[in-house]
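Okay, so chain A shows up in both of these, paired with chain B first and chain C after.
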Partner chain A sequence: MMLHRLIAAIFFIALMLVSVTTINAQSVRPPGNAVNQSTDEQIGTSNTLGPDSQSKYWHDLRQGKSGLSTTGRSGGLLIQAQGEQWRLIRKNYIIKYSGWVLAAVLVILVLFFLIRGKIRLKGGRSGQTISRFSLPHRTAHWFMASIFIMLGLSGLILLLGRTALAPLIGKNVYSIFASAAMQGHNLFGPLFIVALVWMYYLFVPGNFFKMVDLKWILKGGGLIGGHASAGHYNFGEKVWFWAVAIVGLLISITGIILEFPWLSANLQLLQISTIVHAIGAVGLIAFALGHIYIGTIGMEGALDSMTTGDVDVNWAKEHHDLWYEEVTGEKSATHDQGETGHAQVYSQDKITGV
Partner chain B sequence: MSFLQIVEGPLFYIAAAIFLIGAIWRVIGIIKIGHKRDLAPPKGSGKVGFVAGNLRHFLPRKIFAKRTWVHIIAGYSFHFGLFALLLFAAPHIDFARDRILGFDWPALPRWGFIIAAQFAFAGLIMLWVRRFSDPVMRLISDWDDHIGSWLTFLVMLTGCLALQESHNALKAIHMLFVDVWLIYFPFSRLMHAGTFFLSRGYTGATYGRKGMTL
Partner chain C sequence: MARMKFLCDAERCIECNACVTACKNEHEVPWGINRRRVVTLSDGKPGERSISVACMHCSDAPCMAVCPVDCFYQTPDGVVLHNKDLCIGCGYCFFACPFGAPQYPQAGNFGSRGKMDKCTFCAGGPDADHSAEEFKKYGRNRMAEGKLPICAEMCSTKALLAGDGNIVSNIYRERVVGRGFGSGAWGWGRAYPGSVSN
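After this line comes the complex of A and B, so read on.
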C-alpha cells in the first residue's frame, strides 16, 4: 500500500515538473499565430485614462485643472507651469547678471579712484569742526550698515554661491556656507525692517528734492561745470536715501513673504517675491558700494560725519555750502550765485575749535 | 577624536574650569580689598543702601533719559536677549543636561529663540556702535572693550548660524568661540557680569550710610 502511494507521488511530482517546464518554454516564445499590436494603440489612449488622451491629460494639468490633486495648500494644482519660467528667469538673468553688475560697479569704482583719486579738501583741514550728525543718527546709520552687510553677504552666498562658490570650495563645504547663510539671513532680515524704519524717521527731514538739486545734477555733482551747491544732503545722498527707503521697503515686504511662506497660498507671489527681492537687493548692494567708496577712501573728511558726528568747516563749505550757511549764518566762499541758505541762522558757537 | 569632540569635550572643560576659577578669584580679590572704615556716625543703613544702589541703577535717571534712551534700550535688549538664549535655547539645555548637570528644563520654542536672538543682536550692535560713536565712550574704551564685544558677538553669531543643526563644522566653530570666550571672560571687562552688583552695592552702601536718597 505504502509502495503504491510512493510511486503515485513520484509520478505526480514528475508530471508537475514537466508541465511547468513546458509552460516556461512556451512563455518566452510567441505562439505561431500571435499578432503584434500596432504602436499607435500603445501610445495615446490607454486603458487607465479611458477616453482621454495623455496629451490632453498633461495639458489640463499645466492649466491648473482642479481635482487632480487634493492635498497640500495648493490642492488641485499638481504642476505649476510658471515655476519653470521662474526657474529660467532666476537662472538665466538674475544669477547670471547679478555677479556681473556688482563686479562692474567695483571695476568702475577702482577706475574712478585711479583716474580721479581721492577728492581732497582744497583748503585743507581748518582744525575747526561743525556738528553734522547726532549720536542717534550715527547709531541708526551704523546699525543699518551692520545689518545690511550681514544680509548682503549671506544673501549673495545664497544667490550666487552655487555658481560662484561651489566650484571653488566644493559642494560639501558650500553646503555649510549655505546653511549658515540661510540661518543668518532669516535671523537678521526682520532687524533690517527695524533699522529701515528708524533710519527713515531720523533722516527724512532734509531729504526732499529741491531746485538746488537740479543745478547739482546739471553740474554733475561738481565733476563738470564747477562747484555744485548743496544743502544738508546733496542730490546723490537724497537719491541714496530714497533708494534705501523705497527699495528697502520692497525688500522688506518680499522678505516677509519669503520668510513666512505660509502667509500666502499663492505660489506665484512667492516666485515674484524671490525675483523682486534679488533684483532690489543686488541694486542696493551696488549702490551701497558707491556709498561706501565716497564715504571712506573717495572723499577726504567724509567719514568723520559718521564717526565723530563732526565735520571740518572747510569740508562743510566745499561740499555742503548751503547747509553751512544755514547752521552758521556765514556766507561760504564756494557759494553759488543766486543760492541762499534757509532763513534759520545759527550763531558761531555751532563751530567748535574756533 | 574629531575637532567637534575636542572643542565640546576636553577644551570645553578646560575653558569652563578657567572661567570658574578665574571668576571666583576675581570676585574674592575685589571683596578682600575691603573699604576704609567710616568713622562718622551713620545716618542710614549701609545694607539698605547696598540693595537700593543695585536696584536703582536698573532705572534710568529722568534728567539723563533723553540723552541715554538709545543705550538704555540697547542694554536691556542685549542682556535680556542674551540670557534668554543662554539659559533657554534648546541646544544649550541639551548640552547642559548631557555634559554638566544631568537634568533639563523647558526650552524656548524656535520662534522664541529667534526673537531673543534678534533682541540680543540689535542691542549688542547698538552698544558697540555707541562705543565708537559717542565721544566720551570712545575715550574711555580700549581694546579690551572691543575684544569683549566682538567675542560675544561671534559667539552669538556662530551659534545662530548653526541653528539648522545640520553641519558639525558650524557647531564646532560655535563651540570654539564659546571656549575662547570662557577663557577670556575672567581676565576682561566681561567680568562686569559677575561684579556689577559689588560696584553698584558699594556706591549704594556708601550713600546709604550717609543718609542720601538714591
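After this line comes the complex of A and C, so read on.
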C-alpha cells in the first residue's frame, strides 16, 4: 500500500509541475504596446524566409543590393553590376578606337605632308624679326609640353601596351615598362595641373573668339591655299588653347580621383573617371600631333616663335597679319589687293584690342 | 578535368566567419586583407541570410580581360590565378570584378596600391609548387597536395562547398529537393554563365 501511495504522490507532483510550466508558457505574452508585423507581405514559404520571393531576392542581389559585412574592403556589396559595363566600354570602345584614332591622325598628317608639303614663306625670310612670345610664355609652353609628352606616352603604354607592346617584347619586359609608366604617370600627373594653370594664366589674353575667326574658318585657315587673316592667335590655335584648358581640367579632376583612390569610396566614380580620363587624353594627344606637326615640319618659320621667341617679319605678315599690323602699325601687304574693305575691319580690331 | 567552383548555400551559412579566419591563417594573408568575406543580408529582419564570398573563379573572368599587363591565367581546372611578378597594382581588376575579390595592400604614403591579392582556390601561383616564394606571394598550395580549399573543408554547417562543379551542384540539388526550397545558387549565373539554370 505504501508503494501505491508513493507512486500516486510522484505522479501527482509530476502533474503539478507540468501544469505549472504550461501555465507559465501561456503567460508569456507580448506586452500590451507590442506591434504585430503585418502578415500580408509574407509571400515566402515561412516567416524565416522573409517577405520576398526567392527570385526577387536573388534578382536584387544581382542588381547590386547591399548587406552588412564585418570584413573585406568591398563591405556588404555582393555583386557590383556596372563592372561588366566598364569592362565592355574599356575593351570594345576605348582601347579599340583610341588606337585607330591615333593611327588615323598620323596617316592623315603623313598624307597631308606628301600632298601639300611644307608651307613655305612666300616672300622668303626677310632677316628682320618681331617678338612673338616672351620668355615666361615659352617656359610655360615647354614645361607643359614636356609633361604632356611624358604623361601621354606613359598613359598610352598602359592603355595600348597589352595589345601593341606586350606581344613584341614579351610580358615580363612589358610589365617593367608598364610599372614604370604607371609610377611615372602618378608621380608627374599633379605637375600637369601646375602647368595647366600657369599656361592658362599666360595664354588666355587674345584667345577669345572674334568675328575674324569666322572668316578664317570660311577660308579653311589657308591650309589648302589662299590667305586667311588672323590676329595674334588664329582660330585653330584658339580651339587648341580651349581644348587644352577644358579637357585638361577634366583630365586633372579625374586624374586626382584615380591617383588617390581613398578620396572616394564610390567605385562607380572611379570607373567613370577612367573612361573620361582616357577619352579626353586620347583626344588631346590626337590634337597635339597636329599641333606638333604644324609647329615643326609643317610650316616654315613657325618653330621660331617657341624657340627664340622672335618670328620673321614675313612669317608674321603671312600668317598673323592683323597681329603684325597691330604691333607695328604698318599695313600688311599680304592680304588680297582686291579686298579694300579689309583695312576698315583691321582698324576696328585694333581699337577693340586683342 | 574537373571545373572547380565555389558554392555558398545561403540557407546554411550562419555567419560565423570561420572561413575568413581559416583562409587568413592558412595563407598568412597580409595585414588588412581578407580574401574571403561574409555578407549578411536583411540583417535582423525576416529573410536574413548570410553568404560567404571570395573570388568565384569566373569562366570568362573580367579581371583577366581588363588587366593591362595580362598577368592572369586560368588553370585547366578553371581556377583564375595571377602572377604577382607582373602585377603593377593599377586596380583595374577591382574595377571590373563583380564580387569585389581583388584587394591591394597599401604600398606608399599616398595610398597607392601594392600588388593585388585575391583568393587562389588554395592553388598557389605560377612559382614552383610548395616553394617559399609561392607561399610568400600566394599562400599555401593545397590543390597540389590533393586537397580542396580550406574555407570549404572546415565549414561547420557545410554551407560553403568547393570542388568539381558537377559534384558541388549535385550536392546542392539534393539539399534543395530535400528541404523543398532555396534554389538560389548565389553568384552562379554571374560567374559560370550557361552552366546552371537557377
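Note that the second predicted complex is superposed on the first by the 266 of 354 C-alpha atoms of A that agree within 3 Å, B and C clash if a C-alpha of one lies under 4 Å from a C-alpha of the other, contacts with A are read in each partner's own complex, and residues count from 1 in each chain.
Heads up, the rule we're going with is that contacts are C-beta pairs under 8 Å (C-beta built on N, C-alpha and C of every residue); 3 or more make two chains touch, one makes a residue touch a chain.
If you're wondering where the values come from, they're calculated on a predicted model, not measured in any experiment.
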item	value
Partner chain(s) touched by A:Thr307 [first = chain B, second = chain C, both, neither]	first
Which of chain B and chain C A:Ser179 touches, first, second, both or neither	both
Touching partner for A:Pro190 - first (chain B), second (chain C), both, neither	first
First, second, both or neither for A:Arg138, with chain B first and chain C second	first
First (chain B), second (chain C), both or neither touched by A:Ser146	first
Per-residue touch tally on chain A - higher for chain B or for chain C	C
Partner chain(s) touched by A:Trp262 [first = chain B, second = chain C, both, neither]	second
Set intersection of chain A contacts, chain C complex versus chain B complex	175, 179, 182, 186
Residues on chain A engaged by chain C in the complex (per definition of touch)	37, 42, 44-45, 47-52, 54, 57-58, 61-62, 65, 67-74, 76-81, 83-84, 86-87, 90-91, 158-159, 161-162, 166, 171-172, 174-175, 178-179, 182, 186, 259-262, 267, 270-271, 274
Chain C residues touching chain A - in the complex, by the definition given at the top	17, 20, 34, 36-43, 45-49, 51, 53, 62, 65-71, 85-92, 94-100, 103, 110-113, 180-184, 186-187, 189-190, 198
Contact footprint of chain B on chain A as seen in their complex	135-136, 138-139, 142-143, 146-147, 175-176, 179-184, 186-188, 190-191, 194, 307-309
Sites on chain B touched by chain A in the complex	70, 114, 117-118, 121-122, 125-126, 129-130, 132-135, 157, 160-164, 166-167, 169-170
